[in-house]
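Here come two complexes built around chain A, the first alongside chain B, the second alongside chain C.
After this line comes the complex of A and B, so read on.
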């Protein structure tokens, strides 16, 4: 019986990675949910928007590194992030102008818009591959750890170490700042209020003189900012690869739907639900169990419910369960 | 109709030009995959064009078709089934029984803590019982000659039987998916099918006992003669030389023509049946449901059942195409299944061809597959022309030439967007 060590092992292998991954998913899902709330379609190009924003940020990071600029202990990518957001916002605004606006004026069915977003997804994916290629790219620099496992052991005298990577800390801090700013914007500013009004009842909003094109433009800019931030944080934490970002679409959509499409608070909750379930179900609990159980009962196997290759299956199973029992998600979302 | 004939003539011209300018061997290679793509597009067109079901899990059904080839046509592994076959079947039956019991508990018992706790107890108990039965059986099977087999092995039946088997396997999966997911709204169905396709691929990659996972199944049996055997046969060599052909090239072309004949036969059967179905009262009912579900339901049509029916039929057609593809490659490589290539490209074929139109799906399959293959050499040529003026070895030149290979996705996206914008009903509009 060693509760303290078990707790540290749990924090180190489940809680901290889950928290960082959950924050990344929540930011991605917020973008999806905003687009769904205002433009009323599921944007399949969101994963590739994340990839595009991250790619621009990586190029900016390389530029800064070549110029000898660095952010000290923090990754240089944080300095290049505003550039990434600006370029991505310009790209999605251009896409809206060239592609989506036509269908919006036609009042096309949501499914048609989804198919259109498939086309945009192809194009963006192609652009990213064209510019930066398909290889895996790591672009984190600066201090690697906030606390290393060894330091933690020395500090506390426990046999189990707790390592917190800088990228994990940055992910959580940035996510908190971004989410706070977003909610302040949506709840306190005039533009934010008009966005919520537009999402609740489009006709009533139009009648009260809200300019729909302005609301849509602001939504795209917010979605680009959220997607780029989520993508850069994910890339710093793990690494950048065009195809992985495309595959992130599934957990991100799962988060947004589990939380309730169109509900920002739901997207955040959904992100953490999905992330923690993926990590807990695919983690091998042997270490924690060995600390908690008496020696005679110590497990022989890995005590892993499912192999890590099935993490998609986990997010998906949760998605299906939530949809069957709460069709509009945990927090009442929309259904068009 | 004249316009449609012209469109088909144009696509035929593309293939003939490829044959004349490049080689007949590669033109036939493209044609064979185009025939398979056309069948996949027909399957998606049934679901989307007839019934408006948004299925983005095409890849999963293609892969299941491929799996069926291994399970029916591969050589049996001696002792594998005896080692763990029954235990695995028992474990799967147990898993199904657990799920059925859970559903029954949910339906029969009254809501409350008792129901929740019973449900959890059944599910958790069932999971551990499943693992207890499943894990040792898998270990026993994978221990048999792991370098060469280590899987449960096939039935050793003729490979042509694997095609309907692939359709059947995909249909069973589609039935299970449809039962849970078809009640959902269109976007949710899209996400659900996208997820299921990923899970099917994950299972095929990781369950080595099934089809060796990422260790791949190679040299699966073929329904046509081998090139080497043809080249060894004196009769064939003299026949080829009599016509003035090189026996090696001739053998490759003859083999591809045999495949093409088989694929054309399957395509002809499927398109005849689809056209008959589309023109029948059943087809009119499906279109009525697609265009207005509420009105069709008011007329007494069971919308959910019809949706399930068409979802299963479409998936079966995709499964047959998947089995044909694995037979053509004569290998199953789960690592190569990629949603961009197997799901979204098929969607481009359907949209470009014309949703709701069977001939449109076939035309889209031929045209888009040809483009998908040819964009790369064309892109390389364009890049060669663009970079001709640049200094050799400059980073921009190297980069541009390297990235020409990625032109495919960009081109496909642009084609999809342009068709959706300027000709949303496709090249051959459906009704």
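After this line comes the complex of A and C, so read on.
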């Protein structure tokens, strides 16, 4: 029996990585859900908006590093983040003006808008690759760890280590701040309220004198800010690669749908459900069980429910089960 | 009118025959995809051989060799097949240097090379499954099968006192084949494999894989993956969480980008990469340096050898038609005969013209065994201070 070691092993390999990954997915899913709630289509270009925002931030980071500016123990990229958000917001507003507005005026069906966003996705995909290339780019600087596995072992005398990377802590803290700010904005400010009104009932909102173009513009700016923040946090925690950001689209959409499209709370819950389901269901409990059980009962096998090959099957099985029994997702979003 | 048409066609046919002197060589490698960081050097290696032959200008009584590059993508069999199809039917190449990854190589072999009767020499497809593939005598490889690499790796693990290892592999023909052969050889030698788990390339997060590997434990982690892809992600995750400290890095994980990305934590890890200490290996390095690319990158020598073998076999057969020269490849590659090293291609052509037998040694000590694959020699290396230091050759 060694409850402490078991707990630390669980925290180190399941909880901490899952929490950081979940926060990244939640921020991505929030952007998707906002667009769906207010503009009423699934924005396939979201993953590449994240890539674009991260790219601008990386360029800004390089500029700052060249100028000798740094944020001390924190990554320099955090200083460049506002620049990334501003440029990305300009890009999506431009895209809206050039592409989406036309279809909005036509009152195009959501399916058409989805395909349009697919086209936008490919264009953004190309822009990012043209500017920064296809290679993997690491842009994390500053202190890498809050605490390393080795230090933790020495400090506590336990045989298991607990590593917490600076980027994981930053990810979770930033996600909390961003989410709190977003909820305050949506619930307390006039613009936020008009956005919610527009989302609930477009015609009624128009009748009460809400300016639709303004609502749309604010939505895009928020989506750009969320996408860039999520992308930069993900890139800091892992690394930047245009292709991986495109692949991120899948778990992000799964999160948004599980939580309920259009529901901000749902997006956050969905992000964590998907992240933890990927890590926990395929986790080999051997180490934890060996610590917890008496020696005689210690397992020989891996005590793994299913192989890690199936981690995506797990998140999609959850997605299907949720849609079967709660078609609008866990938090009563709009039905898909 | 009919006569005019006939005359016209005849002239065109003649014109075609006149320029058929020239030889076209297809190079199909994954210029995009998981191997995109090493394929440019591989192609440059093959083109070294082509340039050498062109500079001599004596191949098949003055034929010039042109190279046509195509993208195998490494992972997308359909895209690779389409690209190879274009090489054969539209560019009309008489031989293919490639493909690189085992999965696409098998696809190109079955879908394009065999139906069209074109010779293929892969410099880097190492899946044991390709040894048994039907090939009509058209397929060769200058890289050894992973069954051999598995034995060598098991030997090294034993020698370095590793009693138990965890294995993670990229989920494709290459990764699975290598992981299986390592496991079989290592267990036969008395070692324990605690877990052999796949990872997918290009994914967002590897926490789940790292967690499972850590739970299984072991003296070290064998990473049969790719340097630009999931392999790197798993190593980073394992280091960050303190799950493993040393890693075994087989050929797919050999690359400077790994050291750059991971940094000093990688010191002490070791691995194997196909390589030899023969005279040819140093020659190719000098030639690569002169041509302005990195000769130490994976499979540069194998690529040079693959291209050379095709061209020399053509000379031996006195024809650039695959059906004529395919039988000559093993003859040119193997003993007996005068030994041919990189840079000696002009001499080799002269010898073949004079009817002398040659033994192509090349950059990687090529000796084709079994179904036309290199017996292979491996370089064992350790990472020290961010450098790959060669320990020995075996």
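Structure notes:
Note that the second predicted complex is superposed on the first by the 330 of 336 C-alpha atoms of A that agree within 3 Å, B and C clash if a C-alpha of one lies under 4 Å from a C-alpha of the other, contacts with A are read in each partner's own complex, and residues count from 1 in each chain.
Definition applied: a contact is a pair of C-beta atoms (placed from the backbone, for glycine too) under 8 Å apart; a residue touches a chain by one contact, two chains touch by 3 or more.
Everything numeric here is computed off the predicted structure, so don't read it as measured data.
In this overlay on chain A, chain B clashes with chain C.
By the touch criterion defined above, A:149 lies against chain C but remains apart from chain B after alignment on the C-alpha atoms of chain A. Once chain A of one complex is fitted onto chain A of the other, the partner contacts of A:309 extend to both chain B and chain C. Judged by the touch definition given at the top, the superposed model places A:165 against chain C, while chain B stays out of reach. Of the two partner chains placed around the shared chain by superposition, neither chain B nor chain C is touched by A:208.
In the overlay built on the shared chain, the residue A:130 is in contact with chain B alone; chain C does not reach it. Judged by the touch definition given at the top, the superposed model places A:116 against chain B, while chain C stays out of reach.
Contact with neither chain B nor chain C is seen for A:187 once the two complexes are overlaid on the shared chain. When both structures are laid over each other on chain A, chain C collides with chain B only at 328-336; the other stretches in 328-336, 346-354 or 418-426 stay clear.
In the three-chain superposition model, chain A touches both chain B and chain C at residues 134, 243, 247, 307, 309.
Those residues of chain B whose C-beta lies close enough to touch chain A in the complex are 52, 54, 127, 180-181, 184-188, 190-192, 194-196, 198-199, 202, 205-206, 338-340, 344, 347-348, 351, 402-403, 406-414, 416-417, 420-421, 424. Listed in rising order, the residues of chain A touching chain C in the complex are 9, 12-14, 17-18, 21, 134-136, 138, 145, 148-150, 153, 161, 163, 165, 234, 238-239, 241, 243-244, 247-248, 251, 275, 278-279, 282-288, 302, 304, 307-309, 311.
Chain contact summary for the complex, chain A toward chain B: residues 41-42, 99, 102, 110-112, 114-116, 118-127, 129-131, 133-134, 243, 246-247, 249-250, 253-254, 257, 261, 305, 307, 309-310, 312-313, 315-316, 319-320, 323-324, 327, 335-336.
Listing the residues of chain C that touch chain A in their complex gives 32, 36-37, 171, 195, 197-200, 202-205, 207-212, 214-217, 228, 232-233, 236-237, 240-243, 257, 261.
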